[in-house]
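What follows is subunit A paired twice: with subunit B in the first complex and subunit C in the second.
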Partner chain A sequence: MAMDTTETTADGPILEVRDLKMYFPIRKGLLKRTVGHVHAVDGVNFTIQRGETLGLVGESGCGKSTVGRLLLRLYAPTAGEALFEGRDLMAMQTDELNRARRHIQIIFQDPFASLNPRFRVKELVGEAYRLHTGDKDWVAYVADLLGKVGLQADHMNRYPHEFSGGQRQRIGIARALALQPRLIIADEPVSALDVSVQAQVVNLLDSLKAEFGFSFLFISHDLSVVEHIADRVAVMYLGEIVETASDRNLYQDPLHPYTQALIAAVPKAEAGAKRRRKEVVRGDVPSPINPPSGCRFHTRCPRAFARCRSERPRMREEKPDHWVACHLYDEAEHG
Partner chain B sequence: MVDTTANGGIEPERQDKQAGRAPIWLLVLRKAWQLRMGVFGFLLLAILVAMALFSPLIATHDPYAQDILARLELPGFLGGTSDHWLGTDQLGRDLYSRIVYGARVSLMIGVSAVVVSAVIGIVLGLLAGYFGGWIDSLVDFSVNAMLAFPFILLAMTLVIILGASAENVILALGISNWPIFARVTRIETRKLREQEYVLAALAQGLGHLRVIFKHIFANLAAPLLVIATVEIARSIIRETFLSFLGLGIQPPTPSWGVMLAEGRAYVLTVWWLSTLPGAAIFLAALGINLVGDALRDLLDPRLRKG
Partner chain C sequence: MAETPILEVTGLKTHFHTPEGVVRAVDGVDFTLMPGRTLGILGESGSGKSVTALSVMRLVADPPGRIVDGRIMFEGRDLLALSPAEMRKIRGGEISMIFQEPMTSLNPVYTLGDQIAEVFQIHEGMNREQAWAGATDMLEQVGIPNPESRVDDYPHQFSGGMRQRAMIAMAIACRSRLLIADEPTTALDVTIQAQILDLLLKLQEDMGMAMMLITHDLGVIAETSDDVVVMYAGEVVERLGIDTLFDDPRHPYTRGLLNSIPRLGEKFTRGKQPLEEIPGTVPNLIDYDPGCPFAARCGQAMARCHTERPPLFKLNPAHYSKCWLSEADAEGRAGVAAAG
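Right, the complex of A and B next:
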């Protein structure tokens, strides 16, 4: 396994995202004139420590998948930096980027769209490994990997359509692992699966993380899945991160009204679970083409006041390692 | 179109393990049997190919041999008594043998012209759809400009500039027909470019060439094959058109279009002279189109299931 590991720097966070922005242009008419922008990601900051699992949660359309894809430069960002082991992914040239990409891998949501239908399993999993390392024994390597993700070596010559959704997702996981990445981005890896299969795949990811020691960005709309797997959680709303905290702090003491509403909406299965007063969020997510002024959540926030409409709240450390962007806590401090 | 999500949501455990196993030719034949028109098409195509490949064995006479004393003989089915069962033309050449050799010309030109236009169109379409930007704008504009131009005028102009010969007819037909391939390739490539398996390949640091050929083109081959089939039929018709106008294959080479043109002078009296090559053109184009239809049904995963 002659993987290239020379670029490792020992300390510091594995990933540091600073003010990342992605505006997709909306083009209309014969001349493809840009008539507006979708503010998919609008100034996102977060850090992933080595070996840590960061959960990125939010409703659909909040830009969390775009963040994941931006980190691999599958889109060209509008602005911002993403320092992977100290070097800015967003500023890299093609060759350097392709080398860096081997250390960052992605697992996609849709297990049907994420596997090339013309490839056999061994090519799906081993293609990049074989090309990057020139390993003659790549088939044995793939067989070994398949075993680790709970498939059998004799699945190797089959095509993706012969597998179930859960099995396909395992193939996708094996593909991501094949390059022995130091960071894995999982973009809703289980939300397309049956509930019974979800737990298996989440547990598999958890144990693989222990075995391979990669850092992990876990993107999901499902708070209960994230609670299970994440060390820290970042909550995203309409292109911005509104709250970041450790797993425990966030679930037990959510600060931002949006986070509170999200957590209140998670159904509890335990018998005799305390009925919390549900602060259900009203309405739909506003359009990211013309996002609301001030705090983007003010149109749906049950506790919004005048200042929320005009001034954009900044991230502040309200409690140790518990960051929130909400004017409610400025009030508490100043008044 | 290769629609990988046609099977809808997630099925817990699919058992149809045979689906990917049967060899493709068997599936083709099976589907062809289901579609009787497909069988008919394959039969016509087989005859056409056999005529082209084994012309010397199938023909009864030398297609160039003139017999001035046996001009315009009646075919057998009209009471002719000579050994020319489809009669002879105005120079006493055996009509049947000329039609057989004509298949060779038609098929050769039809296939070659499609190869030329497919290569140009697919390469441009892949580049435009994959890279986008100014390449995309340029290809898109060229495609629209070419499609707005009357095809036959363009082909005629090219042949007049290049000179009338088999090679130049192929070139002219190929050059004027690439937009069909470019348009389909470009749009399908744009769709596949956003597919997660393509993004995954890029995320693995694979080069553009590999992604374009192994991950995009490989998934485009099926719909393009269907288009190519139908375009062969159209190219055959266009070759006869050019030859009929005297801009294509030159006499005495037996081309169906040339024969059609030569028979025109006699159409009121010796009608079969132009009607029989015309029927050959019709049947060849029909056969290839039917095969194209069968291929399309076969390669569409939604229809394959039924």
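Right, the complex of A and C next:
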């Protein structure tokens, strides 16, 4: 395929996010004065290695989508860096940003809203590719790509409304793949689909990843799907990442009380689950407008102690490549 | 079991007359719910779960909808034969429902206290003061902190989880014997979902009510239900006990569903395997196909499946399957073998 793949730096992580922050102003009154901020993303750090799938999990409103949108610079960040192949996306000027953007693509949750209804599949999938490469055979390229995502070549002359939800998500995936990006961000790509169709799309993403070798940020609130698809997992709570580890360590040996609570709360689809129900954490997620002091989870944490209310815990590597932000693991606690 | 069921639905069909044609939203639904037990209704989007529930409540909008066939027996009474006035007394009194859309049952212009108190005034004949005290008490029971100050709040001042609790408070206010909960936790986060499920199970234990819990989530079914009904394209395709659902499901759709979801921990115990896919998509409910509605997607379909609709085969008194493959093991048939 006629694509230029220059600018690739072979080593180092594909993405390194450092202390990223996004505060949305809350404006009130006639003069639209800023009366406060939504601390949507508040000092987030993570790294994605080349070819790796990082799962980003957490409950509604914790800031997952905002992280994804920041990486595409759909918002101007309040602070922080995001090094894509060593260069800071957050500091790029328009030209450089546009060049970087073709290497980073996004797949959205809602296949209905994310495809322009007035364009045919051919344009939706192939337009950017045609403009970037000038390839005269772009239609053949689109046909080939449609085959790879499980659609047929003759689908390319149809409009999005002629497809089912699962098929539309396949179109969205083909569009994201068209420029052969090095990083794909998928924001809840299967959450809007029927249960019986979710498996089709999850398997498709898995096999495309093996074939194309892109790095992958997979955002989801569904812990089971993330476990299935990710190599590493980051858990978010109220704008912060509280734990990062390999898939196995995170699920089999969760360290943060929130991660433990989250895993315990997932309903288990197995015989006897009703008899084995356990007590789960209490309370609602606090507002990101006035997040709790200290550790943000202290208002719901069954193991909170005095320091948790006053001091914000720092991320530390408690076990090899297993990071956690919780005072239970402070040096002092170990004596 | 000599006990009589609290709810028995037989051969239920509810259709919608639309300009595009007749939508067979519910087209052959049979199930039985025993007192004090939880019946889970499982099925994906559009399979007819909500319309089944609304049919039991007799709340299907007519037109365009109509219950065209079947029987709904509640404690021995035929609900379809009751007058609208009699039915109104049953709704919110003996049977109550938590609706899928929280905002359809909570009125945004009244405080939560007013709305719960109204239930007490209508169904229990309480005066305003008693009803108000009852409302505060209900909010406390469903775990709303500081209920005395929260009764004066409007629905929009509550978080999603709190709204869901308020709806539950309203639904259980008059201690109905049957609670129908339509996707009571679908919009909620897992930690809040777990709290709400705990609450429902505890209330059920305290009050001995039967529950019909509708969901598309196999995990939620596993954690709440005693018996299960699996719906596909408007029909009950399998009815079975919760343990049998996991140990010996018979219908190919049920089996496909069980294998298509990733389970926590499975990747590490069995190694990563692709999820099982159910190819294709659900059929539309307008074009009537004489065969099994699952035939086009079924890996085990035989010639007969495409031409002849299978009846609900009885494998044992607690297990029914609407699939030709079950014929050989069946003791007999139940319900109606739907014909075109």
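Brief remarks follow.
Assume the second predicted complex is superposed on the first by the 319 of 335 C-alpha atoms of A that agree within 3 Å, B and C clash if a C-alpha of one lies under 4 Å from a C-alpha of the other, contacts with A are read in each partner's own complex, and residues count from 1 in each chain.
To be clear about the criterion, a residue touches a chain if its C-beta (ideal position, glycine included) is under 8 Å from a C-beta of that chain, and two chains touch if they have at least 3 such contacts.
Since the structure is predicted, the reported quantities are computational estimates derived from the model, not experimental observations.
Annotation for the three-chain superposition on subunit A: subunit B and subunit C fit side by side. Seen from the CA centre of subunit A, the centres of subunit B and subunit C span an angle of about 80°, rounded to a multiple of 10. Contacts of A:D194 after superposition on the shared chain: both subunit B and subunit C are touched. Contact with subunit B, but none with subunit C, is seen for A:R175 once the two complexes are overlaid on the shared chain. By the touch criterion stated above, A:K136 is placed in contact with neither subunit B nor subunit C.
Contact with subunit B, but none with subunit C, is seen for A:F108 once the two complexes are overlaid on the shared chain.
Contacts of A:E162 after superposition on the shared chain: subunit B is touched, whereas subunit C is not.
Looking at the shared chain after the overlay, A:N116 reaches subunit B, while subunit C stays out of its contact range.
Remark: least CA distance from subunit B to subunit C after fitting both complexes onto chain A is 5 Å.
Put simply, subunit A uses residues 164, 194, 197 to touch subunit B in one complex and subunit C in the other. For subunit A in complex with subunit C, the residues that touch the partner chain are 59-60, 164, 166, 194-200, 202-203, 206-207, 221, 223-225, 227-228, 247-248, 251-252, 261-274, 277, 279-282, 284-285.
Of all the residues in subunit A, the ones that touch subunit B in their complex are 69, 72, 74, 97-99, 101-102, 104-106, 108-118, 127-128, 131-132, 158-159, 161-165, 172, 175, 179, 192-194, 197.
Across the complex, subunit B meets subunit A through its residues 2, 4-5, 7, 10-14, 17, 19-20, 195-207, 210, 214-215, 218-219.
Within the complex, the subunit C residues that touch subunit A are 44-45, 159-162, 189-195, 197-198, 201, 216-226, 242-243, 245-247, 256-258, 260-265, 267-268, 272, 274-279, 281-282.
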